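Two complexes are shown next, each including chain A; its partner changes from chain B in the first to chain C in the second.
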Partner chain A sequence: MSGGPVCAPRLIVMPPSPLLEVDSLSVSFATDNGRVRVVEEVSFAIRQGETVGLVGESGCGKSVAAMSVMRLNPSPPCYVDEGRILFQGDDLLTLDSVDMRAIRGDRIGMVFQEPMTSLNPTFTIGYQIAEVFQIHRGMDAAETQRESIDLLGMVGIGAAERRLHQYPHELSGGLRQRVMIAMALACRPDLLIADEPTTALDVTVQQQILELLRRLQADIGMSVLLISHDLGIVAEVCERVLVMYAGRIVESATVDALFQHPQHPYTVGLLAAPPRLGQRRSALPTIPGTVPPPGQRSAGCHFADRCARATERCRAETPVFESVAPGHDVACWNPAP
Partner chain B sequence: MLRFLAGRLFQSVFILLGVTIITFGLLFLIPADPVRMIAGRSATPQTVESIRRQLGLDQPIPVQYVRYLANLARGDMGRSYVQKAPVNELIASRLPATLQLMGAAILIQLMIGLPAGIFASTRRNRPSDKAIMVFSFVGISAPQFVVGLLLIYVFAFKFELFPLGGYGGIGHVILPALTLGITVSGWYSRMSRSSMIEVLRQDYIRTARAKGVNEWRVVLVHALRNAILPIIAMIGIDIGLYAQGIVVVEAVFGWPGIGQLAWLAIQRVDIPIIMGVTLVAAVGIVVGNLCADIATSFIDPRVRHS
Partner chain C sequence: MGEAWKRFKKDRVALVGAIIIATISLAAVFAPLIAPYDPFEQFFEGLTIEGAPRPPDGEFWLGTDLLGRDLFSRLLYGARTSLIIGIAANAAAVLIGTAFGATAGYVGGWVGIAIMRFTDLMMAFPALLLAIALAAILKPSLWIVALVIALVNWVQTARVIYTQTRALVEREFIEAARAAGAAWPRILMVHVLPHLVPHILVWATLGISVTVLLEATLSFLGIGVQPPTPSWGGIIFESQSYFLSAPWLVFFPGISILVVALAFNVVGDGLRDALDPTQRGRD
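Here is the complex of A and B:
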């Protein structure tokens, strides 16, 4: 130690340990036809302050995977079969319910897809926001009121004092989603999970909400996991993208790398069919077929049946998730050239 | 909200009018003749005719109906054929006992049914849920007179904890109210279970959990406040459905309420009393529903603002 330079280098040399590290997570549902695996050995990490997108067609298991981090999947019928979810050093899957509740809403905030049904219709906005402060901060009524007004201002809701006395049905979808975001960010979490936060909204409102998320991320400096079926939305907000197909992560790269050199044929298909904002559809025009439901997924690569580049090996062996370039990983036996 | 209530009241007037027409019509369709009942078997035709004239039963039915309505408008429900007393007085003297019994029964049915249903909904398909549902089914299917006699045998006869029957203090009301409450609580535990299960699947429950709300608060605050709405509506409706149970339970326990009055009146074709009791029951249903609407509007802002 002695004699060498004392200051700068250490910070640069030490790679920061990730905020969230999901390691080989497998989740299944108990159904009438037995257990079906919905999430298969999913691994990814999110660093402090990083914005990561999770994309894939509907039914790929994005919500189930994200909800596993919060342990919000109803059990029964949903079970985590294996894996670890490390968050700030704790394995969330082994925490007791009291410790898990202390993390929910405080260190991890979550926003859901359906703003119309995600707020309790029988409580005022003010009550629903205040609850977060009372649970995690033990604030009194006056403090709560002050903080709630600040919070609504932060998410761009005017006339905050009046809004606190209103009920969800008096607010538009866009406003309700802003309230949801406000509740998720009330305690300045280290991680925000936003599950299709704009899918249910009008196009113009979608843009406003995305801008809001981008601005808040920059202000608060939290990490974000943004889930979407739309690569375009993810590209607007995120630095890095995870592509999920039929329960598996098939590609992981920075937004730039993914758009310039997509490796997995599924990613290529997603990129070739950019869904326009606000448009919903069940099938991609560039890829024939749809996501096979869990339980009906073939051996080997689950995408093989829809893939123009599929080989014998693809149908027999599960592709290994491997690095093709620094920070760019893909699970494919025959990646795009 | 006030306009809504005024509308409801206006509507009720027509409902009650309809009830009088239907009851009146039915009573004159049945073959039993009240006059023969009053006069007895040995009465001469002259006596029968003079009684008939006296009671106004010789007039055409529409005339009788209009006369009845005219009296009703002045708040007079007529005189009992048999008891020679105004129906108003007879009902007024019996009503408090029945209201006391019903109030206690509703309290018991909610105190048993709601917690059982809520608990079952959080233990869905597990043994405790299944056990509660079996008990509920037993409660629903058990005939009320059997439950009543059983309670009397065990708690009044064997252990002498409560009086065998009759009317008096709190002790007297417990067994008859338990009889009604236990049998009806089966419905309420099933209903609150299904209502809670429906609400617990909602997105806003997931939101509450995502905020870190503990499971107690999720169930008893976030879910229950929504799940209670259909149950409140049901209580309002049930006040009418109680009629049959009240008659049985009052008979078993010698409870001097409206049910006994009605039972005797039906046996003797005492038309003014039957009409009066039916009307009071109809008013009870209307008032019950109105109370349910008001309670609902306090809890559900969407109703309040509509």
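Here is the complex of A and C:
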């Protein structure tokens, strides 16, 4: 196909086209005080085999954005106002519910934050893994059993045959999260969305789970969208990071670029915030102020009120998401030098 | 299921209740074999010289009624009526209640609001008046009485099941099931329903006592099962004006109703504890 100007730009995207492309997604919630935007014109893309981190504080809209990809936000009260979510060429937002269900758990897997409550307490592990195969593959019992044992081995659970007959409450948190990961990977998805997969686990288990995710990502060759509020975790696992603040993506860069040359003042503040071992300081560095709640966000840059570098323009105009270096985009009128 | 039974066995009171229910059910089933007399036969010697009912004695164990019929035989056959209505009417009520409650809870939105406002309406309306109105329109028979009771009694179950479903739908494993691509009928049947089973069973047993009492009330008011078919409430209704001169006519059916209602209540309580699905695989 020629790249002539008559062609719509969509048709001449550079190969390889991304696996997932979220294009100016806006999501709002209906509240008693009217519609409140929680995700504002978020755009990002994930290539085949890439691991992308989505970081931000609690309530910045990162989970809502990720759940929109799965179309699992309850509606009402949650509505997608505009945008497109292209996954392997299909716009997920226009699919009917049958097609969408065929994608969930098959081509897109999801791991939740709370392994303690994400498994149904009334069924054995084996039954719950088998269910995924039943839904998407229509396998018989023997085949399911074989696949389930393979799967548990893959996520590093020993004595798989015995584990299959156990109930969730008989397993530790780390084991349960492994089971959740096994279920999410049962159909070898092209994309895994992990929503704070290690937040509820203690640090050593957290490390094991991250290790596991990284290994599986390499083995299966899937893409991963890792949602976290912990930059350390993201730095460890991801190739690229999206920083979200108050419903918008403010910076997108490779992990190295982000840690070495953070451009957005919010990212700079985030990176300065974690205390370091061995450094005694009277007060921990913080970003002054709090995240403006949805519905009370001003015009212009949402971070302007907390930003030392804010100018008149920041309060008046919404910053444009622009490239400052190859593969490094920032939405800021006055980025850090 | 075996573990639930083990837990149930430890509950002495519930076990006694279960034995009472089993005994009365067997007595009702084998009434023709046990009953010393035909419950419909009016015995000449069943009345005193003055024409009054005979008090309990060796010949008529629990005495006779106003027409000289054997009260013990009538109570045995009455157990059939009361238990059939108690079980059938309550099963129907629980079925209707669960269907509406679970649908309203799972679907939510306008459907849920509509169903729940309707149950509010039903609850605000005196159940007995509604039952009387329904029973008056539909000519009373055993099954019509059961239907009337079911139509009045499903609301409580619907309420409870609705609340439980609402709480369940918010649970993360339901969201996880959705994320795994499960369709709503599967989620409702496989993931929601097993968690409702304890509540359903408790209502299925607790409700029976309510149903037996309501049947007794309807029969007492003369719009329940029609004579000569014996029913416990009906026997009290027939004899109410003679309770001073022939107290056994009110006392024995009254005791029967009380014991059955109590037995189903304690069994219901026991089941609730024994069947908690989160207790599976424990201890």
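Quick notes
Following the convention adopted for this analysis, the second predicted complex is superposed on the first by the 312 of 337 C-alpha atoms of A that agree within 3 Å, B and C clash if a C-alpha of one lies under 4 Å from a C-alpha of the other, contacts with A are read in each partner's own complex, and residues count from 1 in each chain.
Operating definition for what follows: a residue touches a chain if its C-beta (ideal position, glycine included) is under 8 Å from a C-beta of that chain, and two chains touch if they have at least 3 such contacts.
These numbers were taken from a predicted model, which means no experiment stands behind them.
Once the complexes are laid over each other on chain A, chain B and chain C cannot both fit and instead clash.
Once the two complexes are laid over each other on the shared chain, residue contacts for A:M110 go to chain B and to chain C alike.
Residue contacts after overlaying the shared chain place A:M180 against chain B and chain C alike. Of the two partner chains placed by the overlay, chain B and chain C both lie in contact with A:L119. In the overlay built on the shared chain, the residue A:G158 is in contact with neither chain B nor chain C. By the touch criterion stated above, A:H169 is placed in contact with chain B and with chain C alike. Residue contacts after overlaying the shared chain place A:G138 against neither chain B nor chain C.
With both structures placed on the common chain, the touch criterion links A:M70 to chain B and to chain C. With both structures placed on the common chain, the touch criterion links A:A102 to chain B and to chain C.
The single stretch of chain B with clashing C-alpha atoms against chain C, selected from 5-13, 23-31 or 59-67, is 5-13.
Residues 70, 72, 76, 101-106, 109-110, 112, 114, 117-123, 131-132, 135-136, 167, 169-170, 180, 183-184 of chain A touch chain B in one complex and chain C in the other. On the side of chain A, the complex with chain B involves touching residues 70, 72, 76, 97, 101-106, 109-110, 112, 114, 117-123, 131-132, 135-136, 167, 169-170, 180, 183-184. Here chain A touches chain C in the complex through residues 70, 72, 76, 101-106, 109-110, 112, 114, 117-123, 131-132, 135-136, 166-167, 169-170, 180, 183-184, going by the rule given at the top.
Residues 125, 202-204, 206-215, 222, 225-226, 299-302, 305 of chain B are the ones touching chain A in the complex. By the touch criterion given at the top, residues 109, 171-173, 175-183, 186, 190-191, 194-195, 277-278, 280-282 of chain C touch chain A in their complex.
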